[in-house]
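Chain lettering (A, B, C, D and E) follows the sequence in which the chains are written, and residue indices restart at 1 in each chain.
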Amino acid sequence: MSEFLQHLVNMLVLGGTYALLGIGLTLIFGIMNVVNFTHGVLYTFGAYIMFIVVQQLGLNFFLALPVAVLAGWLLGAAIELTLLRPLRGSDIDTTMLVMIGAWIAMQSGTLWIWGGVAKSVATPFPEAPLVLGPVSVSWLRLFVLAAAAMLILVTYLLINKTSLGRAMRATFQDHDTASLMGVNVDMIYTSTFAIGSSLAAAAGALLGPVYVIFPQMGDLAAVKAFAIVILGGLGNITGAVIGGFILALAEELGAGYVSSGYRDAMGFLIIIAVLIFRPTGLFARAERVG
Amino acid sequence: MTARSIAMTIDQVAVRFGGLVAISDMSFTVGEGEIVSLIGPNGAGKTTAFNVMTGFLTPSAGHVTYQGTTLTGLKPHEIADLGLIRTFQRTSVFPNDTVYDNLLIGLHRQGRVRLLDAILGLPGARASERRLRQRASELLEWVGLERRAHDAAGSLSYGEQRLVGVALALAAEPSMLLLDEPVSGMNASETHRFVELIRGIRDRGITILLVEHDMPMVMTVSDRIVVLNYGRIIAEGTPDVIRNDPAVIEAYLGHGAGRA
Amino acid sequence: MRAIITILAVITLASVPLWLRDPYLLNALITTGIFVIGAMSLNLLLGFTGQLSLGHIAFFGIGAYVSALTSLGFDIGLPGDVRLVHAPWPPIIGFVLAILIAGLCGYFVGLLSFRVRGAYFVIVTISFAEVVRLVALNWVELTQGPLALTNIPSIALPLPGFGELTLRTKMQNYYLVLVVALIAYLLIARLVHSHFGRAMRGLMENETLAVSVGIDVTRTLTIAAVISAAIAGAAGSLYAHYIRIIDPEVFAFINTVTMVIMVISGGKGSLAGPVIGGLIFGLLPVALRPVMAPEAQWIAYGGVLIAILFVLPRGIVPSLAQRLTRQRSGTTALAPVALPETGAKEPA
Amino acid sequence: QTIKIGVNEPLTGAFAASGTYVVNGARIAADEINAKGGILGKKIELVIEDNKSNPTEAAAVAEKLITSDKVPVLMGAWGSSLTLAVMPKLMEYETPMVVETSSSGKITTTGNPFIFRISPPSAVEAAAFKGIVDKLALKKVDFLVINNDWGRGTAEDFSKMMKDKGITIGLVETMDQGAQDMSAQLSKIKSSDSETVIVTTAVDQLTLIFKQAAALGLKKRIITTGGSQNPDQIIAQAGAAANGTMHLTTFLPWFPDKTPNPEATNYFITEWKKRGFEFAGCTESFRGYDGIRTAAAAIEKAGKAEPAAIKAALWNINIKGLNGDIVFRKSGPEGKESGQSQPNVYLIEINDGKVEMKTL
Amino acid sequence: MERDVLEIRDMVCGYGGVTALRGISLDVKAGQLVALIGANGAGKSTTLRAISGLVPPRSGQMKFEGIDITGARPPRVLASGIAHCPEGRRVFPHMSVEENLDMGAYLRRGSGEIAADRDRIYTEFPRLAERRRQAAGTLSGGEQQMLAIGRALMSRPRLIMFDEPSLGLAPNIVERTFAIIRGIRDAGTTVLLVEQNAFAALEMCDHAYLLENGRIVLSGAGTELIENEHVRKAYLGG
């Protein structure tokens, strides 16, 4: 029983992590329709910014977080301006491949600059966990959970309740018509990508200190993020959050009660199963024919 | 009207989208070789009815029978295989293929050969190819788009794309044709020509069910008209009856439409 | 014209081992060739049905494992104290079984693809590949898991009357790969130029419309998936017998990405695309190796990829073909300027 | 005129960090030898190629080194699957290779007479651990191992050894290479009734495990195996969470005097620091150093830089490596045996952020 | 009311290698309703797209209220006072009816006035009011068309361009739509109308242009065109 409780707590903590990974991608992949292979690199980038600011410059941990978010925003904007804008209107596969190229180049650049040895970031949180009866959980991860919840909420409000969010959705549903409505679509493209990137960097900045920081850290994160976004339905933030928790639950229980070797398999089997029964994700958009 | 055999029966069909009732308890029949029009206000459920008949939607209740086959549970392509072919209200083409290739794709039903024959390039497969190309050219001429044969269909103007849509439906060799607002986007003269085309199709023995808001056209071409409002049939009869039905005038035609 | 180019290309490729004696380069050509076969099979799905399989390496890996296990034999316990023992068979049988079993897996994934499209198909294929990888990793009794299957024999061709020819040398393996690649190419070419290929294109461009003129989605996509998977399985089998060791690493995502790069850079939906893209990105690392630091090689690799797409956004072959026709006829071949329909499309 | 030695290591991809360490160690050895005048009157030249952490590439690299660069002997290829992929090429071109890190038992048991391994396979490590087991009074142990040949092999060989000693084996949990969150496995281990966990994986995952175990309040004895742990990196990164953990290691850079070859150890460490590398890397890089010295010794003994001669000479060398005597013994099927040397194994413990040696 | 608000001179434009407009010149006077008619593929929609900046002109000049808008991007054209209700509805499919309407007012400030305009549109098209939370992509064709018209009206332009507004509308709604168009003209907004329902368009317009093959071949008062033999035959079905 106590083991089960611990698994549940782990699931909550991990699910928050996954949701955080998912939201940045929901913007870029779900709303903007760019198969964003640089998501993982931006995640890694956010983590390395934390490393630089906290470990190398010796600045405060909480100060470093917004720095990482801002840096992610800038890098995202730069990627959009240089790599995506010239290919506006190209096939989705073409932009996907350009993103693959950027992923490979940037990841190798990270390796070149910082080497392959993993780094870690000191945090101001106590090492001793919070113990509640039979379960324990680390303070750092509780902080990450809270920060994730806040970022998710802000993103949700931005997309669904502001006129910028509305313009973003409109632009990627029909960008000609959006421009007829007066939307500066170039600005929307850049800012959507930049916001999505800053969220990826935020995830890296928060999770880098939880785990360790190395050049390929983003790959696994990106695969999970894709799975979560699709599971929850493209562009659906609530869906991504629920998708994140479902994936975490499947993995946690899969490792706990089936076999740790099949831990990740459980997650992927759940995805296959969900899509067999709900072919367009948990929260499908209404569509019509004719 | 001579007694003709029934091509299609719609029997107590209902469609709901969540809480929204798009069609309720709709029943009518279409006779073999007849031109029947289905009209009604915007959102009355006409396109939805087409979607049910062609298998794109499963009705919440009721069923549709075509030439003795109940369509419930059949997939759209199986229904198309029965010769029940539709067009779409929105423009619908294969945008990146040329108009000519669009028609070749549309001729799918006539071009079936065994996969192995096609891969090995057996004579049967090649002869079939020749027939298809011949037929595609004929259809192209028929809708008057020869000039655009080698342009990508997606680059045509709105009205031209609608013509391609109709040609595609004809390519599929229908025994019954469901046309969803075929003349929207055509001017009066083009509509005129289109009416002649439709009569020609009917004369080849093809049954036609027409959805259209162009009243002059509907009134001239239809044998019978069914009127829907809010998913219910509110009137049914010959053009003359419908034209003067007060309920139809109120809900749909509007008082200025007397000219129609 | 096109036939002449094709024949010239084949002759050139066939003559390579006659003048290229460097085993290292031949080795690079052989492994590239194997991946090109995989890329061609991926192109059948991506380029002609629009379904992107980001787990395509699963079929390749399944082919490799089936072939390796057939020729190595195995002895595994099944539930209920039953043991399944298989004595080694000749690799050529493994090759055939690899094609069949990979094709069968393609059938199941194809059935799924009848339900899910676009991004959802992408994630199903990724998931499928991951699950297969994890099975290969954890079913140690059958696959030896991470301990790898080693000492896989080379392919031997039965020559009636003369016994067997074991393909050991680079040159023999080169021709083997070339022949398999040619067969795959011809098969795909015939397929996509048949009425069946038109059905695939129709589904890719406008599924609702395609269905309404009688095209059977399930059948079409399933057949495409089966053939695609079978070809990938053949490539996997060649890989296993050439490299002669196989472990779950073969399912690595980067291997699928490599195939995707080959297909899209060369031009999806064109027959020669994956071959051209494949040769470029198969041999680029060989060219980069001596000239720069390892990390820089990868950066250059990504840079070349981006540069190609900036200059030729639709991929090498289609973009060049478009320019050629434009020059020759003096007018532009029409690419419809994208005017989205009201129903937004899901990303592929 | 130089004598070439091929180095086939992962410099990019998942194992880049380790491969780079090994190469840096190898460079120290080469420079040292050349500074002393080289061998057979010629300088040695390392031809270093990146195998991209990818087996297909590892095989291609071997092909290149042997056929284009004409190296008479190789060192490589770090990971077991990389080494296994290279092995058919060694047979094809009859060129020997010194294996510096890979631990899979298969490497020396499948009958490849061109393989000479200086790292301990897990069976060797298990055998070395046998003597220690009694002193630790183990009763029941769980395993948490990386899901590859190394982890799986360790779990298997250590279980076998421990069962013989009457120790009960509890859970055997695995984690994917690259996995970052092991909480689920650790939660399961936390609720088991064993008192010790044997952990086998690379340093990054070890760090994560220690941190996550601490966060879960897991209070069992943790012993790591494999010798790739970089305790200093662990101390730096896992902090207090590393305290009390024990590690089986094959090299003792903290206590040069206790190593079999103090002089070489001191030289190596001084040189390593002089080049500005992190001290933590020593536990990996020494393998590259030993590997090159092994190859060089064989060339010297052979008297010429030819594969067959070097292969023969490898059987006859006896040098003092940083972790013990490098002497190859036969392993694998008769007639095509591979060489396997038996390095020393030590147990260390981290206490208050410091490495202490457990005397055994 | 004699001022030309929109002046177009020798405008040429096209798509890729195709030339769709081969030199168009037209004038729209303030407060007038000007109709543009022509066969399928004549270039009517392209003309409107060129004005609103969706298709950049290759040569020629456009002025709105004396300001040069040649080559301006759509947001600038809109900001200068021209709205475009595009062909084929083009609603944002995954947004609700209400959000679509709000998009029409994207450049406007003042939520009170916007809400009032929205309510006015709901009164004109009660159907939209019934469906205000429904995703626009699931509306019927005619409902989408109403939404597209309403959305264009939301920007309160000084010149509004409609591309086949009657398309797919039921006869009674067509009547209402034309009434609305006349109404906004009467209230002082200039209108440029493309219609296949040529008779109705010519009847209600102040001035009309006939487009064939990317050229203007005829222009005059609506009634003049109705009388024209060629127009009768080719466009009015008579």
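Keep this in mind: contacts are C-beta pairs under 8 Å (C-beta built on N, C-alpha and C of every residue); 3 or more make two chains touch, one makes a residue touch a chain.
All of these numbers come straight from a predicted model, not from anything done at the bench.
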Exercise for the section: Could you tell me the least number of steps, going only between chains that touch, from subunit A to subunit D? Expected result: 1
Practice task
Consider the two chain pairs B-E and A-C; indicate the one with the greater count of contacting C-beta pairs.
Solution key: A-C
Completion exercise
Taking each chain's centre as the mean of its CA atoms, subunit A sits from subunit E at a distance in Å of 42
Problem - Gap in Å, rounded to a whole number, between the CA centres of subunit C and subunit B - result: 41
Problem - Whole-Å gap separating subunit C and subunit D, where each centre is the average of the chain's CA atoms - result: 36
Problem - Rounded Å distance between subunit B and subunit D, as computed from the means of their C-alpha atoms - result: 73
Handout entry: Per-residue overlap in subunit C, given as positions that touch at least 2 other chains
Key = 137-138, 208, 295, 297-298, 334-335, 337, 339, 342-344
Exercise for the section: Could you check subunit E for residues that touch two or more other chains and list them? Expected result: 15-16, 18, 88, 90-91, 93-94, 137-138
Handout entry: Sites on subunit D at which at least two other chains make contact
Key = 12, 147, 174
Completion exercise
Per the touch rule above, subunit C residues touching subunit D in the complex are 22-24, 27-28, 31, 137-138, 140, 145-148, 150-151, 243-245, 247, 249-250, 252, 254, 285, 289, 294-295, 297-298
Exercise for the section: Using the touch definition up top, name the residues of subunit C that touch subunit B in the complex. Expected result: 187, 190-191, 194-196, 198-199, 201-202, 205-206, 208-217, 223, 334-337, 339, 341-343
Fill in the blank from the handout: subunit E residues touching subunit B in their complex are 15-16, 18, 37, 39-42, 45, 87-88, 127, 134, 138-143, 145-146, 164, 167-176, 196-199, 233-238
Exercise for the section: Spell out the part of subunit B that touches subunit E in their complex, as residue ranges. Expected result: 17, 20, 40-44, 46-48, 89-91, 155-160, 163, 181, 184-192, 213, 215, 251-254, 256-257, 260
Fill in the blank from the handout: Contacts from subunit A onto subunit C in the complex sit at residues 29, 33, 35, 83, 86-87, 89-94, 96-98, 100-109, 111-112, 172-176, 219, 223, 226-227, 230-231, 234, 259, 261-262, 264-265, 268-269, 271-272, 275-276, 279-281, 287-290
